[in-house]
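The same subunit A turns up in both complexes below, where it pairs with subunit B and then with subunit C.
Our next item is the complex of A and B:
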């Protein structure tokens, strides 16, 4: 699957149903997502793995802040 | 990785025992309702079994073994190997397996010892039991696995408390003339030993004045140093990376493909994680049973517990090719491909 920032944001909004559609922006800090918990982080790792074949680590999630930073890490890891 | 096969040993039956007391994650009021909903949806864990104080893993295994020996109509004099794999033993010493030898009235010629492993314990245990039977000629053996995890959990730690349940399981193995092989892949990565750990109480960090002090690590995670600590993100990332890789190598080594398998039974860790592994291996959903919803993560008992509760009918008649895979604390992971035939499986026991 080709990875664009727009498609990644759309995918996140689809997988995490507590995010209102259209509310996520490239500079959104994903920890500010309503009721953010480690469950959301697991969903992101699973999404990156299943849809983009990119293996994120716990450290990747801990060191990034914004959606676009996360996007760049995934992009650099696509196998 | 260690890849190897053991032949002339078969699984004859298995049984599992859980505490009667149930706890529902719908009632876990340490987190908000929306957090609870997301937790249940993501982990797949709705209820868990919790042992009353004083009930040990060996008590659960004792009940499971007694019923299994009786259903198999085995002569106890012929059972001369008992391996107990657990991280919640009766005593610091001696080994729990030795106490179980006496309690089950097995002969004094029994080889009995404990092994300390968790999530990978069942697949490791099968390899050790089968290899030992083959080299010693021991005809009948009992492999016991399980944990009482609930006693190590902090209610105020949302990253562990709602995940784990208590269970014990027993597998009966015997020497056989069959050419069927058990084919194993066993692995370790101790660099990740802090990802799942009870820090204090061993010799590295003996119990001290600070051991039982409750510390708020982050919001929703308050625990002491005798509680189970879990770094869920790191375990998740490790599992979805290493487990499919090692299973692909095992299938390749065995000259088998996923279409040769009847069932793929994974350690019951977390639904999202297990489904990610399943999709990576392109195994159909119908072949992958779960007991997570009703029992949570039951450590080394999770694979046999899933076989007993989800596959009892299917495994009780006919031949089945199974891929079993355990992964977690250590970090340690192991998989086995095994053919079973007409297994004796009593219904799940509750005490």
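Our next item is the complex of A and C:
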């Protein structure tokens, strides 16, 4: 699947249902997502694996703050 | 003084012996007098563990337990065994909503199918001596799952049921079968499992252990007990090792 920032944001909004559709922006700090928890981190790791064949680590997550940073890390790891 | 706390004259096969709990258990068993047969996928790392063993007569057999031919070779090149320790396994956190057959297979093949296949093949080939002791590495997750750990927990619960069945079927030969269920132990697998957790949530989890987190040698000591004549009257149990984690539950 081709990865664009827009499609990635749409995916996140679909998988994490506490995010109101259209509210996630590239510069949103993903930890500010409503009711953010470790489960959401696990969902992002699983999403990267399932949809983009990219293996994310906890360190990768810790090193990013915004959605676009997250997107760039995933993009750099696509197998 | 005579003591039943030893592994003298025992030949013990151990899987997953190249790192973590398996490696430490192999080293400690050799210290207690056992002759070890180490197995794992990586020859170089097997040799590393082999070199760390005290005493003589130990050997290593490289084997990919997921490969049928490789498993068959391991069974046929094994000598008669007085003990078998299953430590090989993997942990791949994945939320329920993302599970697919390949993801399910990945964990179950490593943590359950290969454990059953190896055990069964060794019995079939009559490589397990009377009065032998089998130890299966389960996890506290088998009874107390964690988020994204459904397949890991399921594989460990399955191993626990399997171990009890082995205990039932083989007690007439004096063969014993037991599980150990550790909570958090500082190993490379632990590091992999903690991926995805923030440092804060990890610290919060560790704080729940009255006796702190465990170390591979803590588990190795219990494996030795279950392999030794000192546990002669124990079979079919699942030894929980949790540093007090579940005291308040």
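Here, the second predicted complex is superposed on the first by the 79 of 79 C-alpha atoms of A that agree within 3 Å, B and C clash if a C-alpha of one lies under 4 Å from a C-alpha of the other, contacts with A are read in each partner's own complex, and residues count from 1 in each chain.
The working rule: a contact is a pair of C-beta atoms (placed from the backbone, for glycine too) under 8 Å apart; a residue touches a chain by one contact, two chains touch by 3 or more.
Nothing here was measured: the structure is a model prediction, and the numbers come from that model.
Aligning the shared subunit A places subunit B and subunit C in steric conflict. In the superposition on chain A, contact of A:61 is made with both subunit B and subunit C.
In the superposed model, A:42 lies in contact with both subunit B and subunit C.
In the overlay built on the shared chain, the residue A:50 is in contact with subunit B and with subunit C. Looking at the shared chain after the overlay, A:76 reaches neither subunit B nor subunit C.
In the superposition on chain A, subunit A positions 38-39, 41-43, 45-46, 49-50, 57-58, 61-62 are in contact with subunit B in one complex as well as with subunit C in the other.
Within the complex formed with subunit B, the subunit A residues making contact are 18, 35, 37-43, 45-46, 49-50, 55-58, 61-62. Residues 15, 38-39, 41-43, 45-47, 49-50, 57-59, 61-62 of subunit A are the ones touching subunit C in the complex. The residues of subunit B lying in touch with subunit A in their complex are 32, 34-35, 38-39, 42-43, 158-159, 220, 231-234, 236-237, 240-241, 270, 272-273, 275-276, 279-280. Subunit C makes touch with subunit A in their complex at residues 93-95, 97-98, 100, 147-148, 194-199, 201.
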